[in-house]
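Two complexes, one shared chain (subunit A), two partners (subunit B, subunit C).
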Partner chain A sequence: MARVYQVPRHAMLWMMLAVILAGLPHVITGPAWLGGLLVGAVLWRWLIHRGRLRMPRRAVRLALLGAMVGGIFYHFGTLFGPTAGVSLLVGAFALKLLELFRLRDAYVVIVLGYFVLATTFLHQRGALAALYVLVVLAVVTAALIGINQPESGGRARDHIKLAGVMLLQSLPLTVLLFLIMPRIAPLWSMEADESRARTGMSDSMAPGEVSDLSQSDELAFRVTFEDEAPPRAQRYWRGMTYTRFDGRRWRQGGLGESWRTRDLFFPGRGSPPQWWEQWRDQRARPTYTYQVVMEPSRRRWLYALAVPFSETEDVGVARDFRLLREKEIDSTFAYRVTSYPEMPRDYRLTERQRQRNLQLPAGFNPRTRARAEQWRSDAATDQAYIQRILDWLGREQFYYTLQPPELGRNTVDEFLFDTRRGFCEHYASALTFMLRAVDIPARVVAGYHGGEANPLGDHLRVRQRDAHAWVEAWLPGQGWVRFDPTAAVAPSRIEYGLDRALEEQGSQGAGGVLDNLDQLPLILQMGYLSDYVEFAWYKWVLGYDQGARLELLTDWLGKVNPVRVGLALTAGLVIIVLPLAAWILLQRRAPGLSVWQREYWRMLDLLRGEGMRVHPGVAPRDLVERVARRNPSAAEALQTWSRDYERLVYGPHPGDRAAQQRLRRERRVVRRALRRR
Partner chain B sequence: MRARLRQWYARWLRRRIPPAQRVALDRRRIFIFPTGYGFLFLAIAAMLFIGGINYENNLIMAFSFLLTSLFVMAIFHTYRNLSGVVLRAGGQEPGFAGGRGSLEVVVDAGDRRWHRSLWLRWPGGHQRELSVGPGEEISTLLDLPLPRRGRVDPNRLRIHSRYPLGLLRAWSLVDLDHRCLAWPRPLPGGACPASGGSTDQGQRNADAGSDDFRGLRAYVRGDSLRLVDWKAYARGQGLNTKLFSDPVEGRRWLDWDQLPELAPEYRLQRLAWWVLELDRQNTAYGLLLPGVVLDPGQGPNHRRAILEALALYGLGEGD
Partner chain C sequence: MSKALRQSLSSVAGVVLGKEEQVRLAVACLLARGHLLIEDLPGVGKTTLAQTLARVFSLQYGRVQFTSDMLPADILGVSVYDPDNREFHLKEGPIFTQLLLADEINRTTPKTQSALLEAMEERQVTLDGVTRPLPDPFFVVATQNPVTQTGTFPLPESQLDRFLMRISLGYPAPEMERELLAGGDRREAAEQLEGVLQPQDLVKLSRAVEKVHVSADLVDYVQRILEYSRACGEFVSGLSPRAGLGLLRAARAWAVLDGRDYVIPEDVQAVLGPVCEHRLQPVAGGSALGAGQQLLEAVPVVRGS
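And now, the complex of A and B:
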């Protein structure tokens, strides 16, 4: 039987805590029995420590290891890949506790602890998770300090204190490295979870689909404006345009290869097409510059105000004034946009564009067609015609509701003349149909509208419930003009948002009474706060990528090149590490010394500096004797100092500041006398 | 080549840390280097960095930076733990050549901070671990091998510490100008190489003899415990030492010249053995070496004086 290495008693608590706390997050994601293994191993080790049990034999340990590996394989079907691998690691971590024979084994447990702790971030990326990891890191480090102090004088709480101090001292350098170290592209590709579903606006739209999406409180994206944000009514976040209609469903039209080459442009790649150059020349004030941080949607579409220009890498612009990304957005993605809302859009339409935006399937919605043709012939201009439709929508008994009735074959007819209850997609679809029916080029635009300001973070949150659809019509001399039929039916939807609109229309929101809970001031505040933390966390930690790094470094250094980055890193190291080193190395007093004790120590330092061997505990008057043998004149000065010192420290009157200063002066006299010799 | 390198190193070390009875560890005297565990720790940090890149996971990357920074801070903490320690040469516990002796080292905190988990040893000796608190001093006896008789130079004291994280090892090699006395290794056997030195009769009035009980006097430190009147002590009369007057014929002189058949070194060893033997028998004895005369006596102090004379004989270290 091998001799059991005794983890020092003062380190034991931290060791056990480290194993449990580091393993805990993985118990949540891994198989549940891993938790049992963790607790069991810790308990077993504890009993060994207390002398109640013996260290398990080699055969037992091997059996446990085999069972653990088998269990992991049974649970995941594999031993490889991040999730199974991490579970394996946690299991080995727990079992290693039963194999502590030497100090080296304890070291191995701790290193595994650091590793297991780091892998927490494979699944948890929130600010809270990071805080948790930091705390556990302190515990693991405390265990490491504990096993490095074998003598029995160590105290458990000293370990955690020192670990905490060391971690705090490490933070500035960590931040510097984090900000400056280059982000290299992945060395080899690794796939994380593939299972997440697509969310948000889809590539096509049929009646009832946007209203479904509006039941969700989930975040779609966050926006930070550099200056002022446009008023709520103007915040139309365009994502897609639907041009193709089959009588029921609106889809994006023509996204084929020719669209790719002709109507899509990635700034910075190749020479810009003519239409984009035109846009660039037509840019006009006002402008809005903002950053959008988008939640993963697993689609390519990006959302922006019209007319968007973006220089973020991988972000392209399409000819229908919207942005999209090269790849699907499968993790949080940030991009910067400058929008020119007043800029004219397409004074002229090509014949191809015109045809595409006039397409209607034959044989659908005869009643609507008849109404459209009649009204257009009554109206003097296209505008007057459109206005008449909008007025009609507002005046008649149309309802804005999340629960529209189902529609049959002629969706527009049935909606406009029978049910008259619909959500934004119904109105947008009907208006576009009526425009196309009389040869006005029109399209449905899908995206989000509005967004709720978070007063803490100075940013807007746009949620799935803000999903919206509206209409753009092309008018000669004006280009594309936005019309929002929903605004005609439920103006408060545009002015105040979905909840207010639904309330006014007399129908409840998605859930019921509980929905209003989040309007309570305190809960609202908490919501803002957590949203703010989450946003800042994303912006500065999770989303700090090569682009953000370059932006920051450009701000700091003017230009980013390896030499400057190297210099900045060196300068930062010097600025951060030197003061910390000085703090650690030069901090000379033990905590808790009084002013008088410090004065005494300074005198000792002074005498030692002159080569005298004096030990703490020598009474001040004895110091005089010692000095007298070497230097009588200094002894005289020291006599004065020691008399005053003893009177102040031991006398009836506690010394004040003036007394302290007098002592200091007298000490200086001693120093001069000593040096004179 | 190796020998020259070692010589050069020893000279360099001697210049850098000159021998002194009192050495304060500071910048010039402390060396620091990562331990194997420290390298493993850095390797883990590097692995996490690569993992962070591959999973495009900023948090794992930040974690690796934090570990790296922790390592950097550990450099200062490890160095700090050793710096400021003052080492002083203390007393000694002599031993026989071929065995082990001990030298006392006083570890003084030197400043107002804790110096934890310091490991000290002489080359070839066992190491001891200790911690000194602010303003504290701890003295410790460290053993060392004694290869030959005389005053043995223990070489440089090794002091090192891996506290707090074990990632780095700070160490120093200190020459405390300390010597450990090695008595000749006792060589058993032979007839007692003693001459009955009747010539010195009357010259000596030894305060402790062995044969004829003369009386009692109060115990003085250093008196042999075998001479204490334990019966009186048990009766509560305090510690007293029994005094004996030496019969003339009982005094023996251990004599160098009585061992002509042995080489000088073996003569010393044989004499050393007889010193122990006579001491065990409670016989008073003196020592006659060429140029050295130690009067007969008894007790541990006497024994030590005789052994020291044997240890230093002929080495030109008269003190």
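And now, the complex of A and C:
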């Protein structure tokens, strides 16, 4: 088969690099063999390029294509959906290299390259991913430049340089469009990674689950406080309340239709219910205002300090002081909250609420039940009773550990009387049980506690390992009061965090020796830095949504309407493009023409305008001869001009301003003579 | 222009009939202290022109007829043993003269041709390790037959570059030819010609030529001509900086002949063909125009957009 492709050889390097680099991020999300296909196709193509192999025949190419499509279907069970679709695209993209005959095919590869590159953002949206895409963008552009150069005279190094310059030049426009162009909601919803499970708090809690979560270093959310942050011990980030207990597992209760209409309120939608108006009237200092940037959790619950008020769109508040969002949080989400930790919470409890918070399954944990009833009858008040339990937990040999032993049917009994080793969920569960057993309404609250301050970004970083569970009890005259049995067992968990608590309890953290590496100053600093970069990236780039855009435009333009936005866009374009264009033009003309040189060209233009054929090499005197043949009187005037011109420009005494003006007048005489004819 | 110069011009033109343009170029070449190459068919007056120039400027005149069996010693001279004084004496060759007519220079071998090289460029001759200066002024006027004729060795580029100008005479116009036929022998007329200028005058004049003003705009024009000849792709290789210097020198001489003390683009254009054409070898399939005409039309006199 004859080699008929006309892709310049110097463009090949960038083409192949572009294919590998653009495909690479998808190898992580797609099937692993996609990486092999990518590298194999590029290698094959390279050998063809070096003349070692021939282009594969049509049958071979078809077989490869079939195998690739089959492989994708086998791996995903479908060819549709974003992940399978992108994998299919990457596979086809790699195979296209093997039928790169003509320039046209090269264009297909490059356009596909841009598209595949854009799909990177389906899965990765971080600052690093953006940087990577930018670099690969330069490579793909270099390939595009390369195939537009002739076979001879192009150098691969120059292509990437030009591509880099072009990207840099396009940057100001990119920023402008990013700031001003309206954000259009996607036309179809893309569930990018439906298959990937997320670590995090779930709708229910069984003994051992929170301790599992505590082994993860993954980020849960970040918080920036507007003013002062509350002390560490006070940072209870409430997420879910568990009210239903089945003897083993605590669940969120009553999320039905009646709850939705009665106990849930989205500020700004409809009239507020009575309970919320009551809250609003009882608000009291101190207040904490902060922004939470939450990682995708695939759940609706938001985390906040009690008692939260939020005006962020789509954020509702439930009667048990939870915040939640209308939709699941499937991408990074930011919301603002103002919390009033000291305000009273629900002096009156409805009967329905009371029932719900007293529910206990019959026939479980008889020993605990007996102990509770006995202690309650000993105590004068509910308060004294609770205090006794907490004192007991602190005094007796209870251990705070990440590796609690398995529990059988009566989880609370076994924990309190036999194993005595547990994580926060064991203590919270036990305390709630003991309260409910003596008719004190109580519930388990799950969320996070604490958070590590990042000095660089001035923000708090709350990770999965900060997961925590505690108890809220309703006391007459006080409303809901928070009790943290973990604080009684391991006070340092609350004061200093998990690591310190585990250390004091004599058990190592999950990472063993490696855990201590985190504390090296350099690694600590690097951790802070990468955390800060990611946070800033979200804050300034990903978080710049329609709302932020309108806010910014309102700041700039006053009122936001299409005409003003259009004008701002145009003005921005002009401001960016004009200096660039002027600069390019000046570069071309440098060094600038002198007055005399311009004068000469004006004369040439004049003669050409009168229909004379004058080549650029003509000297002043020749002009006279040429004109003389057609128009003697004009030739006479031209003679004067050319004599003066010669003397002024080439003579030993250069002309001054007066001479310039005289010359200009003489040119006008020539023009009049020419036109008179 | 001095009266003497004008008179010498008309004297030469009176002998070499109908060739004012070429005569003027030849005189300009001498004023610029450059060597002249005359290329044409035999019998159109090449030798006469050279002889006339020598007479008019009262230059000591030597003539060498180049043949294919000639050796360098035949031109430069040879050391001869003197048995009386028991030492070698240099017997000077015909090159020790003020104006050397190298007739039919391309009939000899490259070895002998190159013997002229040092003499032309340095105006001195080195024989047996002794360097001797040549008289001042010293000019070489060489004639050559068209390369297409049999029995010719083309001049090497290095030697061509040492001639400031190459001109060709061509057949005279009909009435001039009639006049020429009616008149007596031209050689005789040349020999009877009185010297108008002395060699010292020529030296003085060529010093004046060096003082002719060249403006920045004109230097710019010449430089753009050189640049264009290198970049345009019409020639195997472009003009050298030496060619550029020669172009300026010839243009200055032309300005002096025109009675000006500054150079204008027309001066450059007038000498452009004679100065450049023998240094530029057109690529195969290039333009049909002469190299000088191509440069003249393509390079703008004044820098522009």
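Heads up, the rule we're going with is that the second predicted complex is superposed on the first by the 371 of 677 C-alpha atoms of A that agree within 3 Å, B and C clash if a C-alpha of one lies under 4 Å from a C-alpha of the other, contacts with A are read in each partner's own complex, and residues count from 1 in each chain.
We adopt the following convention: a contact is a pair of C-beta atoms (placed from the backbone, for glycine too) under 8 Å apart; a residue touches a chain by one contact, two chains touch by 3 or more.
Since this is a predicted model, take the numbers as computed values, not measurements.
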Looking at A:Val541, would you say it contacts subunit B, subunit C, both, or neither? Reply first, second, both or neither. first
Is A:Leu580 in contact with subunit B, with subunit C, with both, or with neither (first, second, both, neither)? first
Tell me which touches more residues of subunit A here: subunit C or subunit B. B
Please work out whether A:Arg183 is in contact with subunit B alone, subunit C alone, both, or neither, and reply first, second, both or neither. first
Of the two partner chains, subunit B (first) and subunit C (second), which one does A:Asp622 touch, if any: first, second, both, or neither? second
Given the touch rule stated above, what does A:Glu646 touch, subunit B (first), subunit C (second), both, or neither? second
For A:Leu171, using the defined touch cut-off, is the partner it touches subunit B, subunit C, both, or neither? Pick first, second, both or neither. first
Is A:Trp279 touching the first partner subunit B, the second partner subunit C, both, or neither of them? neither
Check whether A:Trp601 is in contact with subunit B, with subunit C, with both or with neither, and answer first, second, both or neither. both
Between subunit B and subunit C, which residues of subunit A are contacted by each of them? 589, 593, 601, 615-617
Residues of subunit B touching subunit A in their complex? 22, 37, 40-41, 44, 48, 50-51, 53-70, 72-74, 76-77, 79-80, 83, 108, 111-114, 116-117, 129-131, 134-135, 137, 162-166
Please output the residues of subunit A touching subunit C within their complex, sorted ascending. 589, 593-594, 596-597, 600-601, 615-622, 646-647, 649-652, 654
Give the list of subunit C residues in touch with subunit A in this complex. 213, 215, 217-218, 261-266, 269, 295-305
Interface with subunit B, subunit A side, in the complex: residues 82, 107, 111, 114-115, 117-119, 121-122, 125, 129-130, 133, 137, 141, 144-145, 147-151, 153-154, 162, 166-167, 169-174, 177-178, 181, 183-190, 192, 331, 541-545, 577, 580-581, 584-585, 587-590, 593, 601, 613, 615-617
